[in-house]
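Two complexes are shown next, each including chain A; its partner changes from chain B in the first to chain C in the second.
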Partner chain A sequence: MDRYYRKKFLPLALPALILFFLVIIIPFVVGVIYSFTGWRGTYFAGGEHFWEAFVGFDNYIKAFKSKKFIDAFIYTLKFTLVAVIVINIVSLGMSLIATKLRHAASIYRTIYFLPNLLGGLALGYIWQFVYEIIFSKILFAKDGLISIPALVNMTQDNTKALFALVILFTWQMAGYMMIIYTTGLNNIPKDLPEAASIDGANAWQEFRHITVPMLMPSFTIVFFLTLSKCFMLLDQNVALTDGNFGTRMLAMQILRTTRDGSPPDYGLAQAQAVIFFVLIAVVSLIQVSITSKQEVEM
Partner chain B sequence: MTLGKQKKVGQIFSHILLAVIALSTLAPLVLLVINSFKSNSEIVDSPVALPTEWSLKYIISATEQINFFKSIWITFAITFISVLLLVMVSSLSAWVMVRSKSKLAVFMYLGFTAAMLIPFQSVMYPLLDIFEKLGLKNIPGLIIMYGGFGLSMSVFLYHGFIKSVPQSLEEAAIIDGANIFQMFFKVVFPLLKSITVTVVVINSMWIWNDYLLPFLVIGNREGVKTLTLELYFAKLTSGQYGNPWELIFPAVFVTIIPIVILYIFLQKYIVAGVVDGAVKQ
Partner chain C sequence: MKKTKRILSLLLVAVMVFALASCGSKGSDNSKTSSTGSEASGAAEKPTATGDYDLYIFNTKGENADAMEAAGKAFGEEKGVTVKVFSLGSGTNSDDTLRTEMNSKNKPAIFSTMNSQALVEWVEGGFAMDHAKATNEEFKKLVSEIPEGFNLTDGTANYGVPYNVEGYGYIADTQMLSDLFGADKLDSFLAAFKTATYEEFEAMVHTLEAYIKEGTAGTVTLSGTDFATAAEKTGKATSLEGVFSVAGSEKWTYGDHFVNIAVDAVFANSKAASQATLADLEAGKGAFKAYAKALDLKTANATTERGPELINATTNGYDPSVANFANSKAIFLKQGNWAYENIKKANAEIADNLTFLPVKMPFTQDDIKVEGLTVDHMLESIPVFVPNYYVINDKVSDEEKELAQEFLVWLNTSEAGQKFVVEDMAFIPYNADPATTSAGYSLGDSIISYIADGKTLTNAYAGAPAGWSTDTFGQYMMENYVNKTEWTDADYDTIADYIISSWAEMANLS
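Now for the complex of A and B:
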């Protein structure tokens, strides 16, 4: 039987292979090569062909010396750190409360999940309005409901905009992550918490020693999803601040590098893109290996 | 207080908390709806009030400005064809990879999964360069790109699912004289329904809402823009002097209506699809 399928293997897998090579592998390899050249988009600085335009590690050195790139790098790390923590706490809290409910839990889930379906650009525009008009003029202004200067003009300040983006992204992602946590919570055998309470464990002990270890597979998934989505965030970043006030994250930095100078420095942009890939690959591999080690075998 | 009473208080408290979160989830969307019926000055002066008159004026002019009926059709066609391509290509290749059990198949599968770590930004510039040289910087090219980018995830999902589908039915089909395509489409594919729903949901959501790829491939070309692109350029061109809220609100409103309607009817499948896709990673 295996031989029957092996004979058909290539013709059936061929469309997938062609797409994969054409769209991912070849551009990826070309991209790594071009990151070592003076690529300008439509031509190469220093020669007609790419092999005549090699510049060694110049683009990488330029990238690490570029203030814009370093700023975007740090801003992305800061945003990811804060957003991953906030999204996880909020969504886990929501699902812990909702799983204890006897009625209506599914209605809440339906509502919470809704923002995740909508495009980042559209959501970014709505939230820009919320921050600029609702927050700044009605709720938290000096003569508003309560005066909280930290929540006024959040899209016009580097640090405030970071938290504006965190709020927006938590609003969008929490419902989705909550459902993953809820699936995990429902998979915990009911007799475990019961046994614990008979043994006299309080709510915190039960959470710490039963819920958390049993929930490790869900933690792995949610951390992986939030980490990668935060690192690669683009649409919301464009819509909310468009990178003004030093709020460019890495994805936008790579996109805008080719517009920052003339002639457009595609070689530099590509070097940044390769660094971006290494960063994402390393972080996700470390994260998955750490959290999967924590998973309990049942 | 008795234990039963304590539990009841706890339930009420939980409901209040979750209802507050639900309200804050819906609040921005409610703002979106009520402000889609107001003029710019009315929006800025009284953003949380109901409109003084429910006139469709702003919605109609916004649909004209973003060429709604044309762009929604383009977005739908792109999404539909890309997802169809993805489902066909990834289910067939995942199936034959699982069944043939060869070293090449294992190697290919590893390649597909490893590629999930490659972010879009790392390939976009060379990709555009190559597609431009091939004369594919257009909608067919865009569909091919979606086919490539959605492939890893879809192959991964199908591969995991097909491993648990018994092979005996296929053997019976061969004995009955079916050729390999008949066997796949009549015997195997119907068994993959639940994972196909997941693949369709995940990919359509992403492709429908995508901004960057159409921006890079189509840009500001007339008459072929997707919904998201129309929205972006509408805001960009009319937003040079402050934000044109009387355009943005109704425009965003009409672009999300189709998704919300779909969500109301297909909620069960959408949520299950998205969560399934995540959990199987």
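Now for the complex of A and C:
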């Protein structure tokens, strides 16, 4: 089988490569070119063709000078930091439970995976209802079940909304990450923890010195997925807060740039998208190279 | 092995980032087929050659998709040409779709734009055809007869033919007013309301609020005439929860049409507003403060108490506000005639009893900076404006441009065309004679009566910087004031100052 794949590598990979080239590479290159021009969506400001409308790094300078872009950038960083930590703790915890279960483990896994199947917009609106009605009126209001002011009107405050988004996104992503961790945990040979316990290691030592190093490949992929997905959060942001109370994140900022002025500044939006790409690429590559160095080869 | 694996994983990561990030920037990479739109090649690939259509109309109003389709077909049969009509679903933002169409080889010959701010893009890109370049004599006559305030202009040339006119104000259910003040008083109440001063209006709101909340009967004085509320709540008045139904979570509730009343006091029309100087804006401070006071009154007497609850999107969005009004929980709803179908859907019974009343703000003659405009006129009038314009695309073939002109003439002057406009699209034509036109529904007829009386205002806020009214000012009001129960006099000042500073900043004035 291995030889078959090696021999037929090109014909097998070609369809995917062509598609990737057509729908990703070409638009990407065109997009990068447009980010240096006065592209307005249907025409170039300053000329018939793009080479007549070059504005140099103007769009990039404008992006970094824009308060909206900087605010969105900082908010995205804050969100990503909190969300990556929370999602990883929750999903790892869930997978540790899942692997310890003797009965109905697959049902448990399925249930926690389900939220991941819902679309981001639908989720955003569902959670808007949860925050605005169930949290704010039924559960945590002054005359509700228990009064917790921090959980009331979570979408109407910059900081509270950050945690509202984190809760939503954890709910959505943790199940998926749990599956990856569960697979990683199941791949740890049973004799390792057995040997450790014979040597007298306690549960924490076993987790710290056996589970964590053996789980490193899973950490790499989970960190990568959560990190990049948090950075690129869009649908949930639009549906839940619509950027009100300073909750506009980077992806939404790019999307809305063309609506912030007239004529629509697609060149500026594209420059922001390129910055966005570089940012995610750099952060992800650093993260992957760090975590993969920690991986233990068997 | 270890090394190859690591390289492979890094490569995989790079590919994934690439894929994900590229998806994030979709819509920004429209293909470049558009640059072939020069005169010569445009004529060479004129649509008739493809056999698809002779005239392509891009219709942005989803509500009249069927009527437009039928009108296009009727025109096509009359002229022996094929007309292609494209409509989006109602409520869909058409900008991106229109831009995509403009980038394609088959550009629409007639497209739409909302106001002079949105027009900039199409003038700059060379898409909008200057009416001075018109070739059809009848079309020249048609556009020369468009009333001054209804023109779509960039300051130097005219580009648009109005779809129709619309209007807005406080929508009231006459049955509700009859239940409150007695059916025999209805007509005199409506007449007195229109001419009442802001102080009388304010006192009326407080009296009604007390009547609704505490059941204390009272007397309201409008234009000097007393109207006593029924001693006991009867009929529809029993279900009242507040004086106003407010769509609190919608940013346009505070920006757009409500602030427009104050902008109207400062600028004669949207063209004047688009040419505003910092001094003009600062001179408008009195009017902007009047706006803040009127908004205070409105939001403090809504069906929902002002505060975080009022900006809750689930309970105080657009739909709930319409439903509250339609189900007689509030007396007034600030909306336009476009809300008619939604009100009717929520409660068909009241649809025939609806009428517009003017939105009042406490202006003094000093606040009004528009020459010839009086406080009385502002109190009695509702804004009547053109929500959308047909624009002819300069980048299509001359034949198609000619056909586009013929179509617009046919639609706006011929009997068959007007039938589609008035009956099927339920539009009030911009060139309607108020004496002979009937909109065929309560709110439309109410607008016509204001036009007949000459009691109309303009839509000056459309000349504010793009994105100012809703996304900047409306958002500011929602995040800083509407979520607070108490407003102080100092707040009125701050709000007025913010209107001036944010507008000036976005318009690059100093």
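In the analysis below, the second predicted complex is superposed on the first by the 276 of 298 C-alpha atoms of A that agree within 3 Å, B and C clash if a C-alpha of one lies under 4 Å from a C-alpha of the other, contacts with A are read in each partner's own complex, and residues count from 1 in each chain.
As a working rule, contacts are C-beta pairs under 8 Å (C-beta built on N, C-alpha and C of every residue); 3 or more make two chains touch, one makes a residue touch a chain.
The structure displayed is predicted, hence computed values, not measured ones.
By the document's definition of touching, of the two partners only chain B reaches A:Y5; chain C does not.
Touch criterion met: A:Q156 reaches chain C, while chain B stays clear of it. In the superposed model, A:P27 lies in contact with both chain B and chain C. By the touch criterion defined above, A:M232 reaches both chain B and chain C. In the superposition on chain A, contact is made by A:L117 with chain B only, not with chain C. One of chain B and chain C touches more residues of chain A, and that partner is B.
By the document's definition of touching, of the two partners only chain C reaches A:A45; chain B does not. In the superposition on chain A, A:G261 makes contact with chain C only, not with chain B.
Contact with chain B, but none with chain C, is seen for A:A16 once the two complexes are overlaid on the shared chain.
Of the two partner chains placed around the shared chain by superposition, chain B is the only one that A:I97 touches, whereas chain C remains out of contact. In the three-chain superposition model, chain A touches both chain B and chain C at residues 20, 24, 27-28, 30-31, 34, 41, 128-129, 132-133, 224, 232, 234, 251, 254, 266, 269-270, 273-274, 276-277, 280-281, 284-285.
Residues of chain B that touch chain A in their complex: 10-11, 14-15, 17-19, 21-22, 24-26, 28-29, 31-32, 35, 43-44, 47-48, 88-90, 92-93, 95-97, 99-102, 104-105, 108, 111-112, 115, 117-127, 129-130, 144-145, 147-149, 151-152, 155, 167, 171, 174, 180, 205, 208-212, 228, 231-232, 235, 243, 245, 248-249, 252, 255-256, 259-260, 263, 267, 270-271, 274-275, 278-279, 281. Across the complex, chain C is touched by residues 20, 24, 27-28, 30-31, 34, 39-43, 45, 48-50, 128-129, 132-133, 136, 152-153, 155-156, 220, 224, 228, 232, 234, 244-245, 251, 254, 259-264, 266, 269-270, 273-274, 276-277, 280-281, 284-285, 288-289, 292, 297 of chain A. Within the complex formed with chain B, the chain A residues making contact are 1-2, 4-6, 8-9, 12-13, 15-17, 19-20, 22-28, 30-31, 34, 41, 94, 97-98, 100-102, 104, 108-123, 125-130, 132-134, 137-138, 171, 175-176, 179-180, 183, 221, 224-225, 231-232, 234-235, 238, 250-251, 254-255, 258, 266, 269-270, 273-274, 276-277, 280-281, 284-285. Put simply, chain C touches chain A in their complex at residues 2, 6, 9-10, 13-22, 24-26, 28-30, 32, 34-35, 38, 95, 99, 102-103, 117-118, 120-121, 124-127, 308, 311-315, 465-467, 471, 475, 478-479, 483.
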